[in-house]
(Lines give C-alpha, C1' and ligand atoms only; values in the text may rest on other atoms or scores of the structure.)
Protein backbone atom coordinates (compact mmCIF):
# COMPACT_ATOMS: atom_id res chain seq x y z
CA UNK A 1 0.00 0.00 0.00
CA UNK A 2 1.93 3.04 1.25
CA UNK A 3 5.32 2.88 2.86
CA UNK A 4 8.36 4.95 3.80
CA UNK A 5 11.81 3.55 3.17
CA UNK A 6 15.13 4.56 4.68
CA UNK A 7 16.97 2.40 2.15
CA UNK A 8 16.97 2.18 -1.66
CA UNK A 9 13.43 1.65 -2.89
CA UNK A 10 12.95 -2.01 -3.81
CA UNK A 11 11.05 -1.67 -7.08
CA UNK A 12 10.86 -5.40 -7.79
CA UNK A 13 9.24 -6.16 -4.47
CA UNK A 14 6.79 -3.26 -4.84
CA UNK A 15 5.84 -4.26 -8.37
CA UNK A 16 5.04 -7.77 -7.14
CA UNK A 17 2.39 -6.23 -4.89
CA UNK A 18 0.68 -4.58 -7.86
CA UNK A 19 0.86 -7.29 -10.54
CA UNK A 20 -2.11 -9.62 -11.06
CA UNK A 21 -3.46 -11.73 -13.93
CA UNK A 22 -6.70 -9.84 -14.52
CA UNK A 23 -4.90 -6.55 -15.13
CA UNK A 24 -4.07 -5.51 -18.65
CA UNK A 25 -2.20 -2.37 -17.79
CA UNK A 26 0.41 -1.24 -15.31
CA UNK A 27 1.61 2.35 -14.93
CA UNK A 28 4.43 3.40 -12.69
CA UNK A 29 6.10 6.64 -11.80
CA UNK A 30 9.61 6.97 -10.45
CA UNK A 31 10.83 10.28 -9.07
CA UNK A 32 14.60 10.71 -9.07
CA UNK A 33 16.85 13.27 -7.42
CA UNK A 34 17.95 15.60 -10.20
CA UNK A 35 21.33 17.28 -10.57
CA UNK A 36 19.70 20.71 -10.37
CA UNK A 37 16.88 22.11 -8.32
CA UNK A 38 13.40 22.80 -9.48
CA UNK A 39 12.67 26.30 -8.26
CA UNK A 40 10.74 27.91 -11.09
CA UNK A 41 11.73 31.43 -11.98
CA UNK A 42 14.90 31.21 -9.90
CA UNK A 43 18.41 30.41 -11.02
CA UNK A 44 18.81 26.65 -11.04
CA UNK A 45 21.42 25.49 -8.53
CA UNK A 46 23.53 22.33 -8.78
CA UNK A 47 22.26 19.88 -6.17
CA UNK A 48 24.70 17.48 -4.48
CA UNK A 49 22.28 15.61 -2.27
CA UNK A 50 19.10 16.09 -0.35
CA UNK A 51 17.40 15.03 2.78
CA UNK A 52 13.76 13.99 3.08
CA UNK A 53 12.33 14.43 6.54
CA UNK A 54 8.97 12.90 7.39
CA UNK A 55 6.58 12.65 10.28
CA UNK A 56 6.51 8.87 9.89
CA UNK A 57 3.30 8.11 11.76
CA UNK A 58 1.19 10.72 10.01
CA UNK A 59 2.94 10.18 6.66
CA UNK A 60 1.90 6.54 6.66
CA UNK A 61 -1.60 7.41 7.79
CA UNK A 62 -2.12 10.06 5.10
CA UNK A 63 -0.45 7.84 2.49
CA UNK A 64 -2.76 4.92 3.24
CA UNK A 65 -5.78 7.19 2.93
CA UNK A 66 -4.58 8.36 -0.49
CA UNK A 67 -4.22 4.77 -1.74
CA UNK A 68 -7.65 3.84 -0.35
CA UNK A 69 -9.20 6.89 -1.99
CA UNK A 70 -7.56 6.02 -5.32
CA UNK A 71 -8.92 2.46 -5.19
CA UNK A 72 -12.41 3.89 -4.72
CA UNK A 73 -12.14 6.77 -7.18
CA UNK A 74 -10.65 4.86 -10.13
CA UNK A 75 -11.38 1.51 -11.73
CA UNK A 76 -8.04 -0.02 -10.75
CA UNK A 77 -7.00 -3.36 -9.27
CA UNK A 78 -4.02 -2.51 -7.08
CA UNK A 79 -1.86 0.48 -6.15
CA UNK A 80 1.29 1.00 -4.20
CA UNK A 81 3.42 3.98 -3.22
CA UNK A 82 6.78 4.11 -1.48
CA UNK A 83 8.61 7.30 -0.48
CA UNK A 84 12.26 7.33 0.42
CA UNK A 85 13.34 9.31 3.50
CA UNK A 86 16.73 10.32 4.84
CA UNK A 87 19.81 11.27 2.84
CA UNK A 88 19.65 10.87 -0.98
CA UNK A 89 22.17 11.52 -3.74
CA UNK A 90 21.64 12.60 -7.35
CA UNK A 91 20.10 9.74 -9.29
CA UNK A 92 18.55 8.08 -6.24
CA UNK A 93 14.88 7.22 -6.42
CA UNK A 94 12.80 9.39 -4.10
CA UNK A 95 9.35 8.00 -4.84
CA UNK A 96 7.77 5.06 -6.63
CA UNK A 97 4.08 4.80 -7.50
CA UNK A 98 2.65 1.76 -9.29
CA UNK A 99 -0.93 1.00 -10.37
CA UNK A 100 -2.48 -1.94 -12.17
CA UNK A 101 -5.88 -1.85 -13.87
CA UNK A 102 -7.97 -3.60 -16.48
CA UNK A 103 -7.68 -0.56 -18.72
CA UNK A 104 -4.90 1.88 -19.26
CA UNK A 105 -6.69 5.17 -18.73
CA UNK A 106 -7.67 4.43 -15.15
CA UNK A 107 -4.12 3.28 -14.43
CA UNK A 108 -2.63 6.55 -15.72
CA UNK A 109 -5.15 8.68 -13.87
CA UNK A 110 -4.77 6.84 -10.58
CA UNK A 111 -0.97 6.88 -10.74
CA UNK A 112 -0.89 10.63 -11.30
CA UNK A 113 -3.53 11.14 -8.60
CA UNK A 114 -1.56 9.19 -6.00
CA UNK A 115 1.62 11.03 -6.91
CA UNK A 116 0.02 14.47 -6.75
CA UNK A 117 -1.81 13.73 -3.51
CA UNK A 118 1.36 12.37 -1.94
CA UNK A 119 3.37 15.44 -2.91
CA UNK A 120 0.65 17.77 -1.65
CA UNK A 121 -0.49 16.06 1.51
CA UNK A 122 1.89 13.49 2.95
CA UNK A 123 3.99 15.16 5.65
CA UNK A 124 7.41 14.82 4.01
CA UNK A 125 9.76 17.76 3.48
CA UNK A 126 12.76 18.15 1.23
CA UNK A 127 15.99 19.88 2.25
CA UNK A 128 18.42 20.38 -0.63
CA UNK A 129 22.19 20.65 -0.23
CA UNK A 130 23.90 22.65 -2.96
CA UNK A 131 27.36 22.61 -4.48
CA UNK A 132 28.14 26.00 -2.89
CA UNK A 133 27.69 24.56 0.60
CA UNK A 134 24.30 26.11 1.19
CA UNK A 135 21.09 24.23 1.82
CA UNK A 136 17.45 25.09 1.59
CA UNK A 137 14.07 23.63 2.46
CA UNK A 138 12.10 23.30 -0.72
CA UNK A 139 8.60 24.63 -1.17
CA UNK A 140 5.98 22.29 -2.59
CA UNK A 141 6.18 21.92 -6.37
CA UNK A 142 2.54 21.24 -7.14
CA UNK B 1 13.26 4.67 -29.73
CA UNK B 2 10.67 2.27 -31.17
CA UNK B 3 11.21 -1.44 -31.63
CA UNK B 4 9.43 -4.73 -32.19
CA UNK B 5 10.52 -7.78 -30.23
CA UNK B 6 9.92 -11.44 -30.94
CA UNK B 7 11.23 -12.35 -27.48
CA UNK B 8 10.34 -11.27 -23.95
CA UNK B 9 10.57 -7.50 -23.69
CA UNK B 10 13.83 -6.55 -21.96
CA UNK B 11 12.61 -3.83 -19.60
CA UNK B 12 15.98 -3.23 -17.96
CA UNK B 13 17.70 -2.54 -21.26
CA UNK B 14 14.85 -0.28 -22.43
CA UNK B 15 14.83 1.69 -19.19
CA UNK B 16 18.56 2.33 -19.57
CA UNK B 17 17.77 4.14 -22.81
CA UNK B 18 15.39 6.50 -21.04
CA UNK B 19 17.20 7.26 -17.79
CA UNK B 20 19.36 10.39 -17.51
CA UNK B 21 20.58 12.62 -14.64
CA UNK B 22 18.69 15.78 -15.59
CA UNK B 23 15.33 14.01 -15.43
CA UNK B 24 13.30 14.16 -12.26
CA UNK B 25 10.49 11.91 -13.39
CA UNK B 26 10.07 8.65 -15.22
CA UNK B 27 6.71 7.18 -16.24
CA UNK B 28 6.29 3.78 -17.78
CA UNK B 29 3.39 1.73 -19.02
CA UNK B 30 3.38 -2.03 -19.33
CA UNK B 31 0.59 -3.80 -21.20
CA UNK B 32 0.08 -7.43 -20.23
CA UNK B 33 -1.94 -10.23 -21.80
CA UNK B 34 -4.99 -10.63 -19.60
CA UNK B 35 -6.78 -13.85 -18.76
CA UNK B 36 -9.98 -12.56 -20.37
CA UNK B 37 -10.66 -10.54 -23.47
CA UNK B 38 -11.56 -6.91 -23.59
CA UNK B 39 -14.57 -6.78 -25.89
CA UNK B 40 -16.88 -4.23 -24.32
CA UNK B 41 -20.54 -5.15 -24.18
CA UNK B 42 -19.79 -8.76 -25.11
CA UNK B 43 -19.42 -11.75 -22.85
CA UNK B 44 -15.83 -11.90 -21.67
CA UNK B 45 -14.05 -15.04 -22.89
CA UNK B 46 -11.14 -16.77 -21.16
CA UNK B 47 -8.02 -16.14 -23.24
CA UNK B 48 -5.29 -18.79 -23.40
CA UNK B 49 -2.82 -17.02 -25.61
CA UNK B 50 -2.65 -14.54 -28.42
CA UNK B 51 -0.70 -13.73 -31.49
CA UNK B 52 0.46 -10.29 -32.54
CA UNK B 53 1.05 -9.92 -36.24
CA UNK B 54 2.84 -6.83 -37.55
CA UNK B 55 3.94 -5.33 -40.81
CA UNK B 56 7.47 -4.92 -39.40
CA UNK B 57 8.80 -2.33 -41.83
CA UNK B 58 5.83 0.02 -41.56
CA UNK B 59 5.35 -0.68 -37.86
CA UNK B 60 8.87 0.54 -37.12
CA UNK B 61 8.43 3.53 -39.41
CA UNK B 62 5.13 4.61 -37.84
CA UNK B 63 6.49 3.88 -34.34
CA UNK B 64 9.56 6.07 -34.87
CA UNK B 65 7.35 8.91 -36.09
CA UNK B 66 5.23 8.65 -32.94
CA UNK B 67 8.30 8.90 -30.68
CA UNK B 68 9.67 11.84 -32.68
CA UNK B 69 6.31 13.60 -32.48
CA UNK B 70 6.15 13.02 -28.72
CA UNK B 71 9.62 14.49 -28.22
CA UNK B 72 8.49 17.63 -30.06
CA UNK B 73 5.01 17.87 -28.53
CA UNK B 74 5.96 17.38 -24.88
CA UNK B 75 8.73 18.76 -22.67
CA UNK B 76 10.41 15.38 -22.17
CA UNK B 77 14.00 14.19 -22.29
CA UNK B 78 13.74 10.65 -23.70
CA UNK B 79 11.10 8.14 -24.75
CA UNK B 80 11.08 4.54 -25.80
CA UNK B 81 8.46 2.03 -26.90
CA UNK B 82 8.76 -1.68 -27.57
CA UNK B 83 5.95 -3.92 -28.85
CA UNK B 84 6.10 -7.68 -28.65
CA UNK B 85 5.06 -9.68 -31.71
CA UNK B 86 4.40 -13.39 -32.26
CA UNK B 87 2.86 -15.82 -29.77
CA UNK B 88 2.15 -14.56 -26.22
CA UNK B 89 0.69 -16.22 -23.15
CA UNK B 90 -1.39 -14.77 -20.30
CA UNK B 91 0.84 -12.56 -18.16
CA UNK B 92 3.33 -11.86 -20.95
CA UNK B 93 4.20 -8.25 -21.59
CA UNK B 94 2.83 -7.03 -24.93
CA UNK B 95 4.03 -3.43 -24.85
CA UNK B 96 6.36 -1.22 -22.84
CA UNK B 97 6.44 2.56 -23.03
CA UNK B 98 8.88 4.63 -20.95
CA UNK B 99 9.37 8.39 -20.78
CA UNK B 100 11.71 10.59 -18.74
CA UNK B 101 11.20 14.30 -18.19
CA UNK B 102 12.18 17.15 -15.90
CA UNK B 103 8.63 17.31 -14.63
CA UNK B 104 6.06 14.64 -14.02
CA UNK B 105 3.10 16.01 -15.94
CA UNK B 106 4.88 15.99 -19.29
CA UNK B 107 6.10 12.45 -18.60
CA UNK B 108 2.56 11.19 -17.91
CA UNK B 109 1.10 12.95 -20.95
CA UNK B 110 3.80 11.78 -23.34
CA UNK B 111 3.64 8.19 -22.11
CA UNK B 112 -0.12 8.03 -22.61
CA UNK B 113 0.21 9.77 -25.99
CA UNK B 114 2.80 7.27 -27.27
CA UNK B 115 0.70 4.37 -26.03
CA UNK B 116 -2.53 5.64 -27.61
CA UNK B 117 -0.85 6.52 -30.90
CA UNK B 118 0.83 3.13 -31.04
CA UNK B 119 -2.43 1.28 -30.44
CA UNK B 120 -4.24 3.39 -33.03
CA UNK B 121 -1.68 3.69 -35.79
CA UNK B 122 1.15 1.16 -35.67
CA UNK B 123 0.28 -1.73 -38.02
CA UNK B 124 0.05 -4.51 -35.45
CA UNK B 125 -2.96 -6.80 -35.10
CA UNK B 126 -4.05 -9.05 -32.27
CA UNK B 127 -5.47 -12.54 -32.76
CA UNK B 128 -6.83 -14.07 -29.55
CA UNK B 129 -7.06 -17.82 -28.90
CA UNK B 130 -9.80 -18.81 -26.47
CA UNK B 131 -10.26 -21.68 -24.04
CA UNK B 132 -13.07 -23.10 -26.22
CA UNK B 133 -10.67 -23.58 -29.17
CA UNK B 134 -11.92 -20.59 -31.12
CA UNK B 135 -9.88 -17.59 -32.11
CA UNK B 136 -10.69 -14.08 -33.17
CA UNK B 137 -8.97 -11.02 -34.55
CA UNK B 138 -9.52 -8.20 -32.12
CA UNK B 139 -10.84 -4.80 -33.09
CA UNK B 140 -8.96 -1.76 -31.89
CA UNK B 141 -9.69 -0.85 -28.28
CA UNK B 142 -9.16 2.91 -28.44
CA UNK C 1 -0.38 -8.02 -65.37
CA UNK C 2 0.58 -10.00 -62.28
CA UNK C 3 -0.27 -8.62 -58.84
CA UNK C 4 0.35 -9.99 -55.38
CA UNK C 5 -2.26 -9.15 -52.74
CA UNK C 6 -1.59 -9.38 -49.00
CA UNK C 7 -4.11 -9.18 -46.18
CA UNK C 8 -3.39 -8.28 -42.58
CA UNK C 9 -5.18 -8.81 -39.28
CA UNK C 10 -8.88 -9.61 -39.52
CA UNK C 11 -8.78 -9.25 -43.30
CA UNK C 12 -6.95 -12.58 -43.32
CA UNK C 13 -10.08 -14.22 -41.95
CA UNK C 14 -12.31 -12.31 -44.38
CA UNK C 15 -10.20 -12.72 -47.55
CA UNK C 16 -7.18 -14.97 -47.42
CA UNK C 17 -4.50 -15.96 -44.96
CA UNK C 18 -1.95 -16.41 -47.70
CA UNK C 19 -1.10 -13.79 -50.33
CA UNK C 20 -3.20 -13.98 -53.49
CA UNK C 21 -1.57 -13.98 -56.91
CA UNK C 22 -3.86 -12.16 -59.35
CA UNK C 23 -3.63 -11.92 -63.10
CA UNK C 24 -5.40 -8.78 -64.22
CA UNK C 25 -5.90 -7.66 -67.81
CA UNK C 26 -3.40 -4.91 -68.73
CA UNK C 27 -5.06 -1.53 -69.10
CA UNK C 28 -5.26 -0.15 -72.62
CA UNK C 29 -2.36 2.33 -72.66
CA UNK C 30 -3.94 4.42 -75.39
CA UNK C 31 -6.94 5.15 -73.15
CA UNK C 32 -6.37 7.07 -69.92
CA UNK C 33 -9.70 5.96 -68.54
CA UNK C 34 -8.60 2.34 -68.27
CA UNK C 35 -5.98 2.98 -65.57
CA UNK C 36 -6.37 0.35 -62.86
CA UNK C 37 -6.17 1.64 -59.30
CA UNK C 38 -5.80 -0.06 -55.92
CA UNK C 39 -9.45 0.78 -55.36
CA UNK C 40 -10.48 -1.15 -58.51
CA UNK C 41 -8.60 -4.20 -57.29
CA UNK C 42 -10.04 -3.92 -53.80
CA UNK C 43 -13.66 -3.53 -54.92
CA UNK C 44 -13.33 -6.54 -57.24
CA UNK C 45 -11.98 -8.58 -54.33
CA UNK C 46 -14.87 -7.49 -52.09
CA UNK C 47 -17.30 -8.69 -54.73
CA UNK C 48 -15.50 -12.01 -55.24
CA UNK C 49 -15.34 -12.72 -51.50
CA UNK C 50 -18.74 -11.27 -50.62
CA UNK C 51 -17.20 -8.70 -48.27
CA UNK C 52 -18.52 -5.23 -47.54
CA UNK C 53 -16.14 -2.57 -48.86
CA UNK C 54 -14.44 -0.51 -46.16
CA UNK C 55 -12.65 2.18 -48.13
CA UNK C 56 -12.74 4.62 -45.21
CA UNK C 57 -11.52 2.11 -42.65
CA UNK C 58 -8.86 0.13 -44.49
CA UNK C 59 -5.47 1.55 -45.42
CA UNK C 60 -3.94 0.38 -48.71
CA UNK C 61 -0.22 -0.18 -49.06
CA UNK C 62 1.75 -0.54 -52.25
CA UNK C 63 5.14 -2.27 -52.25
CA UNK C 64 5.52 -1.81 -48.49
CA UNK C 65 4.69 1.89 -48.35
CA UNK C 66 1.42 3.62 -47.49
CA UNK C 67 -0.56 4.39 -50.68
CA UNK C 68 -3.71 6.14 -51.86
CA UNK C 69 -6.78 4.31 -53.11
CA UNK C 70 -6.48 5.97 -56.51
CA UNK C 71 -2.81 5.07 -57.00
CA UNK C 72 -2.42 3.11 -60.25
CA UNK C 73 -1.01 -0.41 -60.13
CA UNK C 74 1.44 -2.02 -62.53
CA UNK C 75 2.64 -5.54 -63.07
CA UNK C 76 4.54 -7.21 -60.18
CA UNK C 77 3.18 -4.73 -57.64
CA UNK C 78 2.52 -6.01 -54.14
CA UNK C 79 -0.69 -4.56 -52.73
CA UNK C 80 -1.51 -4.85 -49.03
CA UNK C 81 -4.61 -4.03 -47.03
CA UNK C 82 -4.39 -2.91 -43.40
CA UNK C 83 -7.45 -3.07 -41.14
CA UNK C 84 -7.37 -0.72 -38.10
CA UNK C 85 -4.44 -1.53 -35.82
CA UNK C 86 -5.17 -3.46 -32.64
CA UNK C 87 -1.82 -3.63 -30.90
CA UNK C 88 -1.03 -2.60 -27.35
CA UNK D 1 2.11 23.76 32.28
CA UNK D 2 4.88 22.12 30.28
CA UNK D 3 4.57 21.88 26.49
CA UNK D 4 6.87 20.43 23.90
CA UNK D 5 6.89 22.15 20.50
CA UNK D 6 8.16 20.49 17.33
CA UNK D 7 8.84 22.11 13.97
CA UNK D 8 9.02 20.36 10.62
CA UNK D 9 10.51 21.19 7.24
CA UNK D 10 11.30 24.85 6.64
CA UNK D 11 9.85 25.79 10.04
CA UNK D 12 13.00 24.24 11.50
CA UNK D 13 15.02 26.97 9.81
CA UNK D 14 12.54 29.66 10.90
CA UNK D 15 11.97 28.56 14.50
CA UNK D 16 14.09 25.75 15.89
CA UNK D 17 15.68 22.57 14.64
CA UNK D 18 15.26 20.91 18.02
CA UNK D 19 11.98 20.66 19.94
CA UNK D 20 11.30 23.56 22.28
CA UNK D 21 10.28 22.96 25.86
CA UNK D 22 7.90 25.69 26.97
CA UNK D 23 6.56 26.47 30.36
CA UNK D 24 3.27 28.29 30.01
CA UNK D 25 1.15 29.71 32.83
CA UNK D 26 -1.78 27.37 33.59
CA UNK D 27 -5.10 28.84 32.48
CA UNK D 28 -7.41 29.91 35.26
CA UNK D 29 -9.84 26.97 35.42
CA UNK D 30 -12.58 29.10 36.91
CA UNK D 31 -12.61 31.31 33.81
CA UNK D 32 -13.54 29.75 30.48
CA UNK D 33 -12.02 32.64 28.57
CA UNK D 34 -8.50 31.77 29.66
CA UNK D 35 -8.36 28.49 27.76
CA UNK D 36 -5.04 28.27 25.90
CA UNK D 37 -5.26 27.00 22.33
CA UNK D 38 -2.67 25.83 19.82
CA UNK D 39 -3.21 29.12 18.03
CA UNK D 40 -2.28 31.10 21.17
CA UNK D 41 0.95 29.15 21.47
CA UNK D 42 1.74 29.56 17.78
CA UNK D 43 1.10 33.31 17.68
CA UNK D 44 3.30 33.82 20.74
CA UNK D 45 6.07 31.85 19.03
CA UNK D 46 5.72 33.94 15.85
CA UNK D 47 6.16 37.07 17.92
CA UNK D 48 9.15 35.71 19.84
CA UNK D 49 10.92 34.57 16.65
CA UNK D 50 9.84 37.49 14.47
CA UNK D 51 8.03 35.21 12.03
CA UNK D 52 4.95 36.06 10.01
CA UNK D 53 1.98 33.97 11.15
CA UNK D 54 0.75 31.46 8.57
CA UNK D 55 -2.42 30.10 10.11
CA UNK D 56 -3.90 29.24 6.72
CA UNK D 57 -0.78 27.50 5.44
CA UNK D 58 0.53 25.60 8.44
CA UNK D 59 -1.17 22.53 9.87
CA UNK D 60 -1.04 22.04 13.63
CA UNK D 61 -0.70 18.60 15.17
CA UNK D 62 -1.32 17.61 18.75
CA UNK D 63 0.29 14.48 20.21
CA UNK D 64 0.92 13.04 16.74
CA UNK D 65 -2.56 13.57 15.32
CA UNK D 66 -3.90 16.37 13.13
CA UNK D 67 -5.52 19.06 15.26
CA UNK D 68 -7.47 22.31 14.96
CA UNK D 69 -6.03 25.71 15.73
CA UNK D 70 -8.60 26.28 18.48
CA UNK D 71 -7.94 22.94 20.22
CA UNK D 72 -7.01 23.61 23.86
CA UNK D 73 -3.65 22.43 25.16
CA UNK D 74 -2.86 20.84 28.49
CA UNK D 75 0.32 20.07 30.33
CA UNK D 76 2.72 17.56 28.72
CA UNK D 77 1.12 18.00 25.28
CA UNK D 78 3.38 17.75 22.25
CA UNK D 79 2.45 20.35 19.63
CA UNK D 80 3.83 20.14 16.10
CA UNK D 81 3.68 22.49 13.15
CA UNK D 82 3.67 21.20 9.57
CA UNK D 83 4.53 23.50 6.68
CA UNK D 84 3.16 22.43 3.26
CA UNK D 85 4.54 19.04 2.25
CA UNK D 86 7.32 18.97 -0.33
CA UNK D 87 7.92 15.31 -0.93
CA UNK D 88 7.96 13.49 -4.22
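When the chains are written out, they are named A, B, C and D in that same order, and each has its own residue count from 1.
Following the convention adopted for this analysis, a residue touches a chain if its C-beta (ideal position, glycine included) is under 8 Å from a C-beta of that chain, and two chains touch if they have at least 3 such contacts.
The model shown is predicted, which means the values in this text are computed figures rather than measured ones.
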{"item": "Chain hops separating subunit D from subunit A, counting only touching neighbours", "value": "1"}
{"item": "Approximate Å spacing (C-alpha centroids) for the pair subunit B, subunit D", "value": "52"}
{"item": "Distance from subunit D to subunit C - Cα centre to Cα centre, in angstrom", "value": "78"}
{"item": "Rounded Å distance between subunit A and subunit B, as computed from the means of their C-alpha atoms", "value": "24"}
{"item": "Multi-chain contact residues (two or more partners), subunit C", "value": "88"}
{"item": "Residue list for subunit A, restricted to those that touch at least two other chains", "value": "31, 104, 115"}
{"item": "Touching chain combinations (by label order)", "value": "A-B, A-D, B-C"}
{"item": "In the complex, subunit D residues that touch subunit A", "value": "8-10, 12-13, 61, 64-66, 80, 82-88"}
{"item": "Touching residues on subunit A, where the partner in the complex is subunit D", "value": "31, 52-55, 57-58, 83, 94-95, 115, 118-127, 137-141"}
{"item": "In the complex with subunit B, residue positions of subunit A that touch it", "value": "21-36, 38, 90-91, 102-105, 107-108, 111-112, 115"}
